[in-house]
Structures are given as C-alpha cells and as structure tokens.
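These are the structures in question, set out in turn.
Look at the two complexes coming up: chain A is in both, with chain B in one and chain C in the other.
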Partner chain A sequence: MVKGIEESGIPVVHICTVVPISLTVGANRIVPAIAIPHPLGDPNLSKAEEYKVRKRIVDKALHALTVEVTEQTVFEN
Partner chain B sequence: MATGNSEVVNNAKALSIEVDKMSKLRVIHYINQFYAGIGGEEKADIKPEIREGFVGPGMALNTAFKDEAEIVATVICGDSYFNENIDEVKAEIIEMIKPYNADIFVAGPAFNAGRYGVACGAMCKEVQEVLDMPAVTAMYEENPGADMYKKFVYTVATGNSAATMRKAVPALSQLVLKLAKNEVIGTPEEDGYLARGIRKNIFEEKIGAERAVEMLVKKLKGEAFVTEYPMPAFDKVVPGKAIKDLSKARIALVTSGGVVPKGNPDRIASSSAQNYGRYDISTVHDLTSETYETAHGGYDPVYCNADSDRVLPVDILREKEKAGEIGELYKYFYTTTGNGTSVKNSLAFAREFTKELIADGVDAVILTST
Partner chain C sequence: MRLELGHILINDVQFGDVSKVENGVLYVNKEEMKALLLQDDHIADIQIELAKPGESTRITPVKDVIEPRVKVSGDGGIFPGVKNKVKTVGSGRTHVLKGAAVVTAGKIVGFQEGIIDMSGIGAEYTPFSKLNNVVVVIEPQEGLTQYEYEAAARNAGLTAGIYLGELARNLTPDEIEVYETKPIFEQANEYPELPKVGYVYMLQTQGLLHDTYVYGVDAKKIVPTILYPTEIMDGAILSGNCVSACDKNTTYHHLNNPIIKNLYAQHGKEINFMGVIITNENVFLADKERSSDWTAKLTEYLGLDGAIVSQEGFGNPDTDLIMNCKKIEGKGVKTVIVTDEYAGQDGSSQSLADADKAADAVITGGNANEVITLPPMDRIIGMLDYTDTIAGGFNGSLKADGTIVAEIQIITGATNELGFNKLTARTY
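Here is the complex of A and B:
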C-alpha cells in the first residue's frame, strides 16, 4: 500500500512495529512503533501516559514528513 | 540352547535398532505458537521453548523422512515475541538447540503468515551462520520473510495457506534430506525452492549466438520462450517530497490494521482482504470501544477493540489540528487488513484510493501497520 500511494508523489510515513518488513515493502520514511497489536499505544500504561507515548510517535511521523529523503530512512529518534 | 539363540537374536535386533538410531539424521524443527496448538494471536507473545520430538506439522515431516531422518526436538516461539525481540530470541534459541547436535534445522512451512515467515527465515539464517548447520524453510513467495531471507536460506515455495500443507511437506522433506546429506541441490525449478539470485556456470550444447537466434525466432513467431537472464525487479518507489509547512498540510490516515466502524459495515475480511474501506471521520475526535474495532485477524484484537487510537491515532491528529500544528486531518480514513492480503490487491487498493487523495488535495499520508 505504501508504494501504491507514494508512486503518486504524495509522501508517506509508515508507522510499524516490524521495521524489516517495512523496508522490504519499500517504505521510504519509517517510524518504529511499540508492538504489533498496539503500534501506537501501550495498555500497560495509564491513559495519560499512553497518550503521551502515542503523541511522541505521531510527532516523529510528522517530523519525518518534513525531512527530505533520498533513500529508505528509519526515524529512530 | 533355544533360549540362548533367541537372546542372540534379540541382541542383534537391539543392536540394529541402535545402529538405526545412530544413522538417522537429526533434525530440529521450528514452528510458531499456532502450529504448536498453544493458541492463536492471544498467545503470539509466548517466549521460545523446546520440546523433545515432533510437534504439530512436524509429524507429517517426520513421516516423510521415512527412516532417513527424525525430528529430535521442536522449538516453539510466539510470532509477535520473535519479531519484537528478534536479536535476543535468536541467541536464546541457538543455545536451546546446541545440545542436540543436530544435522539440519528446518522452519515452517509459514505459508503467507508474515511474522512467522520472518521468524523462519531469520532463524534459519542465524543457525547457518552461528552453528554452521544447514537450514531450510518453506513459505509463499509473497511472504515478506521470503523476500528478506531467500537469498541466504533455501526456501521451498508453498501455496499461500495451510490448506497446501500436503503439497508442501514432500518438497520440504526432500530438500531437508538432500541438504543434510550434503547432496547436490538442483535448480530452483528442479528442487522447488525460491530462486536465490545465484548464477552457476553450466555447459550448454549450443553456443550463445545460436540460442539467442532461436529465442528471437520464437519471440517473432509469438511462441513461448524462456529468458536465460531474467532482469531483477526494481520496485522501489521514489520518496515523495518533504512537506514544507505542516501547519498548512492536509494529512490523511491509512491503515493495514483493519480499523473499521463497529460492526465492520463493509465486511472487510479478517485476512486475504478483497476490499478496503473508506470512512468519514470529519466529526470524529476519538476512536472508542463503542464506535470502532478491528477486522484484522492474525493479531490479538483486544487492545485495538478497546481503543482503536492505538492503531489509528485520530485523537492525537485532532489535537494537532486544533493546535494549528497541522493544517487539517483529511475527512476520510482508508483501511484494510494486511494479513495474507496479496501484494497485487494492496497495490490495487492503494492506487484506487490515491486518486481520491490527489483529487482532494491531500499533502501527506500517515500509514500505520500492525
């Protein structure tokens, strides 16, 4: 799906847990997530903490969209 | 005297059984929690364990080995646990299998189960590198694990679901025996594995010029011909241009995590999806357990059903929109289930809805996957 969208020129940031799979499917901007069943959350945390964690990942993803990349890039931090 | 004779016979029998055991090749089998009968997604986070003998699909493999080999132990690990802790798990499993002095390691078949395929490929590669032991796996060619590891590990081609197990077992067991016995492995077509991208020099009866002309003649006649040098498939996509000003950007959410309005109105399949959904979120500020759920099979749905923002972060993007950090959250989100869904289908879905994204002036996409 990433490629089907990005070939149009619209930049895509892929938030996913298993980064090697994302690299294989050809995502160019990749932001690692938390866990497979809850990529943007953590049920072990309180609601407020969990919200913060999710916000941090979305922030990273938004930041990734503002960075020019020429090859597949994983935005770790 | 009669007693003595029968003892001799018995001893001889015992000895031959002993010899038999000694001469059988020792196989370690790797499977996931599902094939071990431990459970589905709710058990995908179990840690690795090792059991004596065969478990689950190992039975059919073991039978196919006849008297030549036997599964001495089976490693079982949850798919999510493996993929989320890949480096530690690999090392842990290596330690588990060391004492068995095995001749070969076999993983799967994983068919089109993505995380399982990655685990099988990764583990085989590790065994080859660390223990210097041959390893072989089996999966569907579109499994992401195949793309990642077929270069390093013999990967028997299977169908895309466990319904093809009966076909997969003979091909897999034969390749296991060949590798364990250090026999010459044939071409991918001959031995039924995915091409590893390795070229071998062979002698042809006809020179290249003759073969090329024959091929050209066939092509001109419109007949079938087989290239001797298939071109690699370059299917990378050029990265989209960066967004200059997020505060003016219209951003769309897309997911392969199967988030749908409660009740799954478009009946998106839990796996091997044939369709995708487009849902209006223009008045939605938060996904709750009353309003949204996941249609995705293949991962534990409990966390997403309780709060779908954990897969599709609508709540955060609304806050960003309100704060002026992004221009706008696009009024629709697009969703399908990623597990077992063919590359062809996913690509077709994306191409179709991307036309709408372009028409509506969407500047960027956040795509989430489980």
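Here is the complex of A and C:
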C-alpha cells in the first residue's frame, strides 16, 4: 500500500514496528512504532503518558512527510 | 550430559478399570484421570475421549499435544519448573509411551486453534493422526479470563501427560536410544576433524496463545542461552502456543524435535553437534535486535562452523529468522534456515515477510495457504462452533454436512518448521 500510494505521487510515511520488513518491502520514509500488538500506543503507561507517546510518533511522522529523501530513511529521533 | 530414552511401544489405547500398560496397550481409568484433572478449580468439567488412527474422528479446537514421559533416573522430573521442581534435567533415564499422546481440546481461548482428523485426507497432514490419543476436553469455569483459562488448559494437558507417563516407570522398554553431549571443550575435542554445528531454536513468544516456557520461565523474558539437547527431551521447553496450528510447536514437537534427533544421527559422522541455542520471537524491535545479536554472539562463542536455525510461526517472526540468519552468517558461521510459507492460496505471493541474501540455504515446511477439503467425520471430539473463525478457516468453511473447506493452516502441525511433517518444496 505504501508503494502503491507513492506511485501516484503522494509521499507516504510508514509507521511500523518491524523496521527491517519495511526496509525489505521498500518504504522510503519509515517511523519506528512501539510494538507489534500496539504500534501507536503502550498499554503499560498511564493514559496521560501514553498520549505523549502517541503524539510524539504522529508529530514525527508528519515531520517525515515534509523531508526530502534520496534513499530509504528511518526517522529515529 | 547423557540421556537414555526408553521407549515403551503403544499400539492401542482403551478405557479400563485400572490405568496401566500391558502388551503394548495403554489402559486408562477414565474416572481416576478425570478426578485428578478436576482438582484444578479453574476447570468446571472434563471429558476424556480416545481417538485412534483410522477412525472417522475429528478433534477440534486442539490446543496442545503431549507425549507421556517419566524420569526414572537422573536429576529432576519431567516438565521441570512447571510440573516438577525446577531442577536441571536431561541426564539419566526417561521412559516414553511411544505411540500414545495426550491431546487437549475445548472451547477456544483466542481464535486460532487447530484440527486433528484421525482419517481421510486431513489425517495425512498431521502427524498426530498416527497416535493413540487420549483427548482431554476442558470446560472452564465461567468468568475466567482468557489468560486463566489458557493456563488451566495447558496445565491439564501436562498433568494428564504425567499421569500416563507414570505408568511407564517400572516397565522394561522395547527399545532404548542414547543421546550424549559433553561440556563444550570436551565436545569440541571429541571430533576435532568434523565441522562444529549448533542448533538455533527459535521459540514463539508473542503473548497469549503465542508463548513458550523454558524451565517455567516465560521465554519472552529470556535472553538467548545454551541448553544441552537432552534437556529438551525431558520437557525443559513447553508449548503455550497453538495459534495458526499448522506451524506451532506443540509440547510433543519439543520433546521429539527432529532437528535435534537428526543432528545427533550425524554426530561423530559428518558433524560435531555442539548444542542448542534457544532464543525468542518478541513483539518489540529492540528485543528482536538484542536476541538476534546474542544468538550470533553465542554461535561465535561456541566456535561453530555451521548452525541450523528453525523458526516458529510466521509473519513478523520472519524478521527474527532473517536477523538471526544474517547476523550469524556475519560471524562467518554458515546457516541453514527452516521455515514455512504463506504464499497465498495459489502459491504465487512472496513466501516470507522478510528476506536477505544471506538466507541462501532454506528448507520449507510447505505453503500454509493451500486450500483443503476435509470430509465430514462420524464423531467430533470437542466442538465445531468455531471452524469459520479459526486461522485458515473463513466464512462458510463449515458446510451443513460437516465438510470443512479451509487452508491447511487449520491443521495441527501441517507445515511444522522443525521438519516434523511430510510437506516441503524443492527447487531444481
């Protein structure tokens, strides 16, 4: 899906836990997620702390959308 | 560490007034066994049924299969850290009721448990159709959480396995197999001219119904470590794991791991079998990185020339498999990986979720998406209520006459990644 959408000219950020698979399948902008059963959250945290985690990932992904990339890039920080 | 496995060959199972083994027949006192299992107050009711090869019988939803064993000498007891005190096992003598098994079944815990057919085409796809099975059907107390029910069902299977295994304690085995692995330097020196080969045993550890236990420790909490192969034959590794039943290792698979047996068969001939490295398949990327770093480190530390790496399950564990392969090869240790495939019903999709050039020696247990038609059976042990929703099933899988049309991933052990079954694919 990532590649299909990009083919139509729209940049895509792939938020995913298993970064190596994302690299293997050819995503260009990759933002690491938390864990496979809960990619965008962490049930071990309080609601307030979890919200911060979620916001941080979404902010990072939105930022990644704006960055020009020349090769597959993992946005770690 | 040296273990003798004494096989008592079982060719029939029957109910009887006294539980015993006589002339290759396993007799089960149903009421006594039932009373033992009902001591667990998480369980409301138990049915005990027998299922023999060739019968028109379907068992579902299957959770685990356990081979009855008993330790008759050497340290510890079977299933250490869970059913016996946590004591290192793998030496001395263990007796096995070979040809018999306990199968646990009952209302599903999650949504993906297996099917064993005792005859027909489905029976060809599961090794457990060839065994004399004592099936324990569990009815949990109302109000249990999934976790409590899963633990109670798992425990019931092990309790039943120990109960039957105990019958073998004072019997004279029909055959005895001997397995021995020595401490590392001694082992290396025993066959200095042969390549040193180890086994990297990946254990499924992704959560409820995806867990594995090592001496009672939930394996998602371990870091990779080294075991003598014989420890595994005494139940050091137990299954809590039956989701997508085709490629999950039941406790029976662990006890009888064919990769370990075949490495022993070549030990001292073509290879020097150095031991087993166990590792996990966790859901956090950092865990995957750490564990694969450590398996690679341990292969180097053991001075291996080659390693067999077996996967359990599919999907994201494909990445654990490839990470292990790549990092171990990076240490200059040759690998062969053992996996299965999800290549679509027509077999034309990519087989694994991850890949790397280092994975140039691959053995497959077959394509789990292959569709099969299982004919109706006269007798159902367990229930068919869930057939449409278990993995490999789909809406309409269960027909009115009891026929099931589904992917072979629905069948317990069909594409096992230890080479326990007959399916594979070859390129020429």
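Rule of thumb we're sticking to: the second predicted complex is superposed on the first by the 77 of 77 C-alpha atoms of A that agree within 3 Å, B and C clash if a C-alpha of one lies under 4 Å from a C-alpha of the other, contacts with A are read in each partner's own complex, and residues count from 1 in each chain.
Note that a residue touches a chain if its C-beta (ideal position, glycine included) is under 8 Å from a C-beta of that chain, and two chains touch if they have at least 3 such contacts.
Worth saying up front: this structure is predicted, and the values here are computed from it rather than measured.
In the superposition on chain A, A:Glu6 makes contact with chain B only, not with chain C. In the superposed pair of complexes, A:Pro32 makes contact with chain C only, with no contact to chain B. Set against each other, chain B and chain C touch different numbers of residues in chain A, with B touching more.
By the touch criterion defined above, A:Lys55 lies against chain B but remains apart from chain C after alignment on the C-alpha atoms of chain A. Using the contact criterion defined above for the overlaid structures, shared-chain residue A:Thr24 touches chain B and also reaches chain C.
Residues 17-18, 20-21, 24, 35-37 of chain A contact both chain B in one complex and chain C in the other. Residues 41, 44, 80, 83-84, 114-115, 118, 144, 147-148, 235-244, 246, 249, 251, 254, 256-257, 299-304, 306-307, 309-313, 315-317, 319-320, 325-326, 336, 338, 346-351, 354, 357-358, 362-370 of chain B are the ones that touch chain A when the two sit in their complex.
Contact residues on chain A toward chain B in their complex (touch as defined above): 1-18, 20-22, 24-29, 33, 35-41, 43, 50-51, 54-55, 57-58, 61-62, 65-71. Chain C contributes residues 206-207, 283-285, 288, 316, 318-319, 322-323, 353-356 to its touches with chain A in the complex. Of all residues in chain A, those touching chain C in their complex are 17-21, 24, 32, 34-37.
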